[in-house]
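Next, two complexes with chain A in common: one pairs it with chain B, the other with chain C.
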Partner chain A sequence: MSAPSAVTAPPSPPPQPAQRAAWRSSLSQLDVRTAPYVYIAPFFLLFALVGLFPLVYTAYVSVHEWGLITGDQGFAGLANYAYVLNQPRFWQAMGNTFSIFLLSSVPQLILAIFIAAVLDANLRAKTFWRMGVLVPYVVAPVAVGLIFNQMFADQSGFVNAVLTSLGLPPVGWHAESFASHVAIATMVNFRWTGYNALILLAAMQAIPRDVIEAAVVDGASRLRTFFSITIPMLRPTLIFVIITSTIGGLQIFDEPRMFDQIGLGGNDRQWMTITMYMYELGWGSQRDFGRASAVAWILFLVIITFALLNFWLTSRIASSGSATTGASRLMRKTKGGKR
Partner chain B sequence: MRSHTLLRGTAAAAVAAFLLVGCSPASAPSPSASGSAAPSEPTEPITLTVSVFNEMGYEGLVGEYTKLHPNVTVKLDRAATSDEAREKYMSGIAAGSGMADVAAVEVDWLPEIMESADALTDLTDPEVEGRWLDWKVAQATTADGKLVGYGTDIGPEGVCYRADLFEKAGLPTDRDEVAKALGSTWDDYFALGKQFSAKSDGVGWYDSADAIFQGMVNQVANPFSSTMPEETLIPLDQNTEIKAIYDKIMQSSADGLSAHLQQWQPDWQNAFQNNGFATMLCPGWMLGVIEGNAKGVEGWDIAPTFPGGGGNWGGSFMTVPSQGKNIDAAKELAKWLTAPEQQIAAFKAKGTFPSQVEALTSQDLLSVTNAFFNDAPTGQILADRAKAVTVVPFKGPNYFAYRAAISNAINRVDVDKTDTPEESWATAVSDVSALG
Partner chain C sequence: MTAAPEMSVGMIEQVAGKGAARAAARRRRRLDQGIRKPGVGTYVMLGIVLAISAFPLYYAFLLASTNAAYIAQNPMPSLIPQGELFDNIARVLGSDIKFWQAVLNSVLIAVITSVSVVLFSTLAGFAFSKLRFRGRTALLAFVIATMAVPTQLGVIPMFIVMSKLGLVGNILAVILPSLVTAFGVFWMTQYLSEALPYELVEAARVDGCSMIRTFWHVALPAARPAAAMLALFTFVASWTNFFWPFIVLGSTNPTLPVALKLLQASYFKDMALIMAGVVLATVPLLILFAVAGRHLVSGIMQGAVKG
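Here is the complex of A and B:
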């Protein structure tokens, strides 16, 4: 964003009419003020087209009776919302979504921080290890689904074979609700832990080494350094990672849909998530876009609520209680950075 | 979905309806033929797209059509699954554009598209009268007599069985004797099953209770709803006919006849390799599935019988959406593709069994045998099974959802073992009532 100003106008040309100089000056003023917006405009124009428009249009559809094929059947008020909120399956889907979300996000983040810390240490063949953790992310979700579906098969699966050989009872991965959530969360964690670890690793490397060295000189243990310096200084990145996993976790669709061949979330909808419920209403049994749009909007509001809640929580957890960035001040605090 | 942005995900419904349509291949723009030409034979080169799914066996036929009609180039647009094809189809109808000139429809979702028969070309034509089995035509005919689809294949059912397991249990092994032992009713079928499981340690008589339900429900004329023109659902708690079937199947499962599997799941596929079960209801297209899953297993055979009379499972149609630019040429193509000769060629290529009357008596078809099934004359057997079909259930727009609710109920008891039959039935009753 170089800003040519009127003061540094090229000296070479002979004296020009004052009027022209003023014109040039105001033009470049305009340039300085508007150019950034023009540069960023394409994104927002595209966003308005593929993001904002569908969002608003979905709200419009959600207050109409709207069939997949039959289209607009007239204004329905909040009837679609009332229908959805009265369905036990909706609340079941909500519960499943949060259960899978917690089972995947929490262990995933803890593991990702741990892996990032290990990768941050002085390892041989650093790049190899760092790329290695990203490999699962490259595998297509559908392929992950197929593989895990085989592994978690109730009668003939690998996981149950291991369990029974250890003398443990086999688990009904596709029968029990909680077991299916664990299996699906495993799929999600397999795919996303490495990705988050790399983001956190990048943030860790941005922490000034001298701060850590100072802590070590002051006699802090490695664990203390990690919790009192590394974690608090990761805060902005942690907020980003937690909010993106909140958004992704609540919208989870691929993995549970691939968890069996039918893709409806089990015979008792043991692992049907909210997006799967939306899909079933819109394209599956009912072909009702009105109700599906109502679910979409409810989910949208829930996600916003939880993203804000997580933002607030994360700010509290990861900060040391003050807005300071000075590591020495952090070190002096007695309770600094305790989780 | 995880990496998608917030807004894209929430607005999926709207996006899919309006943007995906833009992605599906539209038929190539063709020069508008000036009115003088014969309606069915284009005078200028045109391209027709045919949307198909799974394996319909038309790959080899496309070039042949161009040889007969030099001005027509045919392009196949294949979807991997019937579900995917259904989604594209629905979006195309909703948007009024973007559909193939000739589009395949599976019988399971045919009722849904019959609701919007206005968007489809009436294919009634004296030339094709009597070409198909009557019940096949009836499935694609609206209440006011409009024919929306030309029949392609059907799924006449026999009983596939493991001769080696039968022998171990002291049952007959020859396919005609097995047919005799299986009797004629479902009770006979279950009775022989009890005899079998008494002498076979833990081997299931049938693979899946839900598959048995599929077989039984396909013999009920009005399983879930009253007939056209308006579909009126029978509330599940008042549906005594379905309850009786449900109870009978649950009883057989409790008697130990079931292998407690769910079709298409990995456990089911793996069970083919480790003697999981001895019999299976098999429509023609299932033969290929069994052969694929049971690779290396010897002993499979097919008995020329079906409990409770004939039964049909599945089958498809070719429709001509009226949004196309070359409707007449498209209709001509659909007519040609669904003629007996072409359908026999498709049967030989991919095993889709023809629905055309003439094909059922063609020597070409009757002489087909299947080496994997102990050289059974599958052409002859399936043709006989097709003729035995007398009842085809009425399927309204809610058939699929209603059926799924009961499927789930059966699987909760038979496969998941999380519910008792009564609990599971109660859940199904509430699921069905939510469809309104």
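Here is the complex of A and C:
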């Protein structure tokens, strides 16, 4: 920044010119010094208020006896954690959450890579196809939940009608635990596959053409090129997609909440997720904020652990396949050069 | 490497014999296929993907045009809409769910948060990308790190605070926490660091502009394309948001997703009515998507390359 003390001072109005110029210049100095902090302050203030403080305060509430209406009833130690960890419901919810998460993230990623590869061809009306796969993204999860709840209805549902017409037995999409996880995962996949496909498409298009051409000229088949060059070069993007879907997926609430009109996760809680369990403890029958906070903190730790684990796993898997090829070397080079 | 594609097949025949030439020709053809127009199969495949993306929405629209008895008898509805769409819409609007109020709330929250996120994110992005100050790199890294914090898990203290402030049931409780986002700050920083030349900022300063005027007259106009995309993303996110509004607003003052939940809870036997509600809540965003969806697509793709 050019220090503008001389420049900012206007060509001196008659009374007390020197004093005024000095005043102006020091004001301008102050402006230069403080402006950056003032401009970034809103984010940091808001994050402190609605991000950091709530997480820390959740820990505080979790070691207290605390009701929705009654408020703070005194220190409780780890009693809330002990209570929660001894509930079969809690472990069931944890299992359901991971089951739905795996059923939604793994097929979704494979499908997204496939769609991205198809979109990467030299298509006519590119924008039309790209917009087409993004349509589900603008539908609210609540609306998706309502639609799929009816499509997957056990009786007079669309999916079962299709199955029956194909000569297959109908499935208890709501009655059976695993089937309900498949149905809920389908909602998540419906909304996010196209979105992730576009992210991966952008990453594919950023791969330098000559790397792929070199592989083709060297005699690699299209499939081989795809798995040995394209996929390893998508690594940073794949890591990003996997981490974000871990953080979002383990907090899933909207879709399972809408899967029936009651919203508690089924008669036997067969599709109740951790966030739903937290809601039920806090605002449902118990109205116990202490226990709900304990669940929130456990889930927080689980998410952090899994995000790190996924990060570690994906960086290993994605790099082991191509450690010796020129592609990974080149990738490191382009990555280094980009910033 | 670069020499190979330039060698003609004829040259290879001369140098390395017929077998090598045939292999080279095959490779050349394969290379060209990658660049040439894709076949019908690709379009058929994309057509299927699009049909799957669109079908659930069409299905909702079909059911919204029927009645409960029809749905019970026809699990696979006729692909031609029946005639009761407007009756069902009228019933939604006349139900004891405050649907009009939900529309108004959703619009208000989405518009206010979009404007505010764009303004504050551009301000911070301007500072991070173009101004020098102590701790800049560390603070920016902190902003990015906060994107990984699952803030949804802080709802309990948030609820306690909002009830202390008397804001439970007030849309301010939904607006306040989303006035600026880490994603927005990061996004605008990325954009401005490329789109806004240092010279322009300095020229404005030399001409005697204060920092805030420099921001308003130089940075903000330069940020316009990225700001439009950010506004769009914020609008969609706000319109589809459910968990926190559901907790803090409740049934007295709902947003559209909360109203849909209420509709489901009280009319669960009347799927045609519920689907009419789904159509009403979704059509505004579909219209927005038809108009500005291109920017959403390029926004996602640009974010991916930079992030």
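As a working rule, the second predicted complex is superposed on the first by the 278 of 339 C-alpha atoms of A that agree within 3 Å, B and C clash if a C-alpha of one lies under 4 Å from a C-alpha of the other, contacts with A are read in each partner's own complex, and residues count from 1 in each chain.
Quick note on the criterion: contacts are C-beta pairs under 8 Å (C-beta built on N, C-alpha and C of every residue); 3 or more make two chains touch, one makes a residue touch a chain.
Given the structure is predicted, the values throughout are model-derived calculations rather than measurements.
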Once both complexes are superposed via chain A, do chain B and chain C end up clashing or fitting? clash
Touched partner set for A:161, first chain B, second chain C, both or neither: second
With the two complexes superposed on chain A, say which partner A:150 touches: chain B (first), chain C (second), both, or neither. both
Touching A:142, do we find chain B (first), chain C (second), both, or neither? second
Of the partners chain B and chain C, which touch A:64 in the superposed model: first, second, both, neither? neither
Quick one: is A:212 in contact with chain B, with chain C, with both, or with neither? Answer first, second, both or neither. second
More residues of chain A are touched by which chain, chain B or chain C? C
Go through the superposed model and pick first if A:88 touches only chain B, second if only chain C, both, or neither. first
Quick check on the superposed pair: does A:249 touch chain B, chain C, both, or neither? Answer first, second, both or neither. first
Looking at A:122, would you say it contacts chain B, chain C, both, or neither? Reply first, second, both or neither. second
Let me test your reading of the model: by the given contact rule, A:202 touches which partner, first (chain B), second (chain C), both or neither? second
41-49, 95-103, 131-139 or 185-193: stretch of chain B that collides with chain C: 95-103
Overlapping contact positions on chain A, where the chain C interface meets the chain B interface: 47, 50-51, 53-55, 57-58, 61, 150, 153, 156-157, 247, 251, 253-254, 260-261, 275, 278, 282-283, 289, 292-293, 296-297, 299-300, 303
Going by the contact rule at the top, pick out the chain A residues touching chain B in the complex. 47, 50-55, 57-58, 61, 68-71, 87-89, 149-150, 153-157, 172, 174-176, 188, 192, 245, 247-249, 251-254, 260-262, 264, 266-268, 275, 278, 282-287, 289, 292-293, 296-297, 299-300, 303
Of chain C, residues touching chain A in the complex: 1-2, 4-5, 23, 27, 30-31, 34-38, 42-43, 45-46, 49-50, 53-54, 56-57, 59-60, 63, 71-77, 120-121, 123-124, 126-128, 131-133, 136, 139, 143, 146, 148-161, 176-177, 179-180, 182, 185, 202, 205-206, 208, 210-212, 215, 236, 239-240, 242-243, 247, 256-257, 260-261, 264-265, 268, 271, 274-275, 277-278, 281-282, 285-286, 288-289, 293-294, 296-297, 300-305, 307
How about chain B: which of its residues touch chain A in the complex? 1-15, 17-19, 87, 90, 93-94, 112-113, 115-116, 261-262, 264-267, 270-271, 274, 397-398, 400-401, 404, 407-409, 411-412, 415-419, 427, 430-431, 434-435
Using the touch definition from the top, list the residues of chain A that touch chain C in their complex. 1-2, 4, 7-8, 10, 28, 31-33, 35-37, 39-40, 42-44, 46-47, 49-51, 53-55, 57-58, 61, 115, 118-119, 121-124, 127, 129-144, 146-148, 150-151, 153, 156-158, 160-162, 165, 190, 194-195, 198-203, 205-206, 210, 212-214, 216-217, 219, 221-222, 237, 240, 243, 247, 250-251, 253-254, 257-258, 260-261, 263, 275, 278-279, 282-283, 289, 292-293, 296-297, 299-300, 303, 307
